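Per-chain residue numbering starts at 1, and chain names A, B and C are given in the order in which the chains are listed.
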Amino acid sequence: MSTTLLLIQTLNGLQFGVMLFLMAAGLTLVFGIMNLVNLAHGSLYMMGAYFAAAATSWTGNPLLGIALAIPAALILGLLVELITLRTLYQRDHLDQVLCTFGLILFFNELARVLWGSAAIPMAIPESFTGFVTIIPGLIYPKWRLAIIVVGLLVALLLYVLITHTRLGMLIRAGASNRAMVGALGVNISLLFTLVFGLGAALAGLAGAMVAPLLSVEPGMGDPILILTFVVIVIGGIGSIRGAFIASLLVGLIDTVGRAFLPALLREAFQTQSANTVGAALASMLIYILMAAVLFFRPRGLFPPKGR
Amino acid sequence: MAEPLLSTRNLAKSFGGLTATDDLSLDVLPREVHAVIGPNGAGKTTLISQLSGELQPDAGSIFFDGQDITALPAWRRPHLGLTRSFQITSIFRDMSALQNVALAVQAHAGHSFRFWRPAAQDPELLEPAREALRQVGLQHRADVAAAALAHGEQRQLEIAMALATRPKLLLLDEPMAGMGPEESAKMVELLQKLKGTLAFLLVEHDMDAVFAVADRITVLVYGRAIATGRPEEIRGNENVRQAYLGEESLAV
Amino acid sequence: MRVDLRLLLILLVVACLALLPVAALLAEEPYWMRFWSRIMILGLAAAGLNLILGFGGLVSFGHAMYVAIGAYTVGALRHHGVEGGLPDILVALGASAGVGLLIGAICLRTSGIFFIMITLAFAQMTYFFFVSLEQYGGDDGMRIASGTQLGPLHLDDTLTLYYSAFLLLCGVIFLTWRLVNARFGMVIRGARSNEQRMAALGIPVFRYRLTAYVISAMICALAGVLLANLTLYISPAYTHWTRSGELLIMVILGGLGTLFGPVIGAIVLLQLEDLLAHITQHWQLFLGPILILVVLFARGGLLGLLAPRQISQRPAEEIDG
């Protein structure tokens, strides 16, 4: 277990983490402000990936493909909000869960119909293929590094948006006390739509960026969705800061844990079963983390005040 | 003076910069009707929530029947005899009035890990429930769904549920909230009927009701008790006049 | 009278289920028995979920994990050479109770959206856990050679399995009926209606909810044992979150807070899936929107549509908002 490997896995964990953050930011805002459980958020991620891959094969340029995927995901998100989600705001959580579950089934099958069950390929943008030397002896894929940079940039932009703009103030207020914001005469409908659109765009961006790295296939959004839930639960619903910290935490622990825990246990215990136990444990690490956080802080690490 | 049934000592509670309870020491004697009055925002509901255990005080202590209950979980307090009713009606809307009270009886009939016998036909639960409904005058509405009851009847149901827990002290949080004059009069009648059988800590805005029923009154302003005494004393108290009743007479 | 219509429907379904094997044997279509065994097994799991969801208002999106635990119990015991029937059942009940106690204790500390997401997350965790168990086939799952054998009864035999599922289902529904009307059930239902009030009355809601959760987990585990006997195959897919979603759908379709709803829901969902699959390969494309429409417009489920309950008899459906 070399330091280089550890550093690489840490960077991978970071990359995974910022991607989770893009998902979590949108989801936590939607939960926090609109009190809406949206399982279809993962589908927006999946469609972002598909849009990127499709646009790339259409234009021949991956960067353009990604750039086109984001507004496409945004528009899709707004359509979904307009057609189905609007009616769910007043409903209880069970209804929302079931309806958005129905959306997942629909979108997964739609992807199958449009693009088939097999994974479709997408090339890494030309200028980002290959490796970059971070420190002597440590090389890392350029594209993954680009994702990290973009993710951190988005985090910064969101931070500025939330803390220094009027919209951000409304969002923060809405996360703490929805009724009050409505009572103050703010156009709640418009705010909801804006927030949802932002979330959809972020999910689409996440999907589009990882499309060159992962298999773009039906159902790819589902495990990410659940992980995003875990992130939000740990971070605190409605909190961007919580989502950021939690997503990096989850990304790092999951990636580094899966990479090293089986080997660690195998070295420590020298048995075959240690490997199995290690693999099983590694896959459960973040859920154990979630359970531990909930035990001490049932509202998450950084719940917005007033909750 | 008899040993107080309930007493708070230097109770304090703040929410961020807002002080809701400020070094509050008051007591309630057994079978006494002790009213707590004060302008809006004086911290009356916060006080009740701390007494019932839904809120934890920042400082100070609460004694009930000789025990320090400051840290006692909310659900244990009714078992000592300390029960509350809610300012915003909190009942089981989808059950009948009788079932509502029966649940209250059940809460005090040992544990509920019973899986076989139907509760809705259990005389052990139904008899005391009917009795409580009779006490508040709702016995003829026993089988009506709670959601279908009139507002005043729902407030009566709240009281019936509280009575079914056989309390020594009942924390009444604005029992007359949202009631018209007829319903209020009925509630005052009920309180007068129950007076002397158990102790009440009564939070109310309706001054006529308070002065009709209370043995003692504490006036709360910004979480502080500025006066405690018998109704006549309070009526004549200058501080109280200025801080509270004065506002009322100005409004007239 | 409305009540009679509901009762009539239920009796009709029960009678049909009881006599189905006869029809299947006469028509020489043993497949019918397997198909309907599957329906009853999933109906059993849905009945388990209904206990905490329909009556308790606890939206668990992870109950398929207990079905998987039941199935894996059978698989694991066969794999390690333990034959017989009683160990299957006892270990399945014990394991699901233990896991249910642990996970329930964590999840029930939360409520609302949190609860839903956390149950989903834990189900996902068990999915990864089972996938990592290479000795039981990992991702691909594992075939098992024989099922549960209780004395002369082989549960992997089609007819035996059918009637075992049938009797178990009837038994569980009967016991649920007693339970929800007993004091325990009143606490669960009252807590669903107004949790704050429950605590204010002096009832420690947590311990009752946890008990209900564990009971529901054990029922699902029994369904899992039967499932393993039906398919003679265990796989992490049994705990895939879409399976938990299916259970939720069944409970909703049938009608929340009704005793027989889960069975109706199972029948309708599986028949619908079967029907759609015959029409088009992409039947899920239609299942999704159908589900959405049902949730939006048929809130009381099918039993609610056919025979709405009067409000004073038993607690009515939860009203929106």
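Here is the rule we use: contacts are C-beta pairs under 8 Å (C-beta built on N, C-alpha and C of every residue); 3 or more make two chains touch, one makes a residue touch a chain.
The model shown is predicted, which means the values in this text are computed figures rather than measured ones.
Colleague: Count how many hops through touching chains it takes, at the least, to reach chain C starting from chain B.
Modeller: 1
Colleague: Report the chain closest to the protein's overall CA mean, measuring from each chain's own CA mean.
Modeller: C
Colleague: Most remote chain relative to chain A, going by C-alpha centroids?
Modeller: The chain lying farthest from chain A is B.
Colleague: Averaging over Cα atoms per chain, report the distance between chain B and chain C in Å.
Modeller: 43
Colleague: Could you tell me the distance, in whole angstrom, between the mean C-alpha positions of chain A and chain B?
Modeller: Each chain's C-alpha centroid was found; their separation is 48 Å.
Colleague: Taking the mean of the C-alpha atoms as each chain's centre, how many Å separate chain A from chain C?
Modeller: Averaging C-alpha atoms per chain gives centres 31 Å apart.
Colleague: Among the residues of chain C, which ones contact at least 2 other chains?
Modeller: 318
Colleague: For the complex, which residues does chain C have touching chain A?
Modeller: Per the touch definition, chain C meets chain A at residues 53, 59, 61, 106, 109-110, 112-114, 116-118, 120-122, 124-125, 128-129, 131-135, 241-242, 245, 248-249, 252, 282-285, 287-292, 295-296, 299, 318, 320-321.
Colleague: Which part of chain A faces chain C closely enough to touch in the complex?
Modeller: 31, 35, 37, 84, 87, 90-95, 97-99, 101-110, 112-113, 222-223, 226, 229-230, 232-233, 237, 276, 279-280, 282-284, 287, 290-291, 294-295, 298
Colleague: Where on chain B does chain C make contact in their complex?
Modeller: On the chain B side, the touching residues are 52, 54, 73-79, 83-84, 86, 90-96, 99, 102-104, 106-108, 112-120, 122, 125, 143-145, 147-148, 161, 165.
Colleague: Touching residues of chain C toward chain B in the complex: what are they?
Modeller: Residues 178-179, 181-187, 189-190, 193-194, 196-205, 208, 211, 311-312, 315-316, 318.
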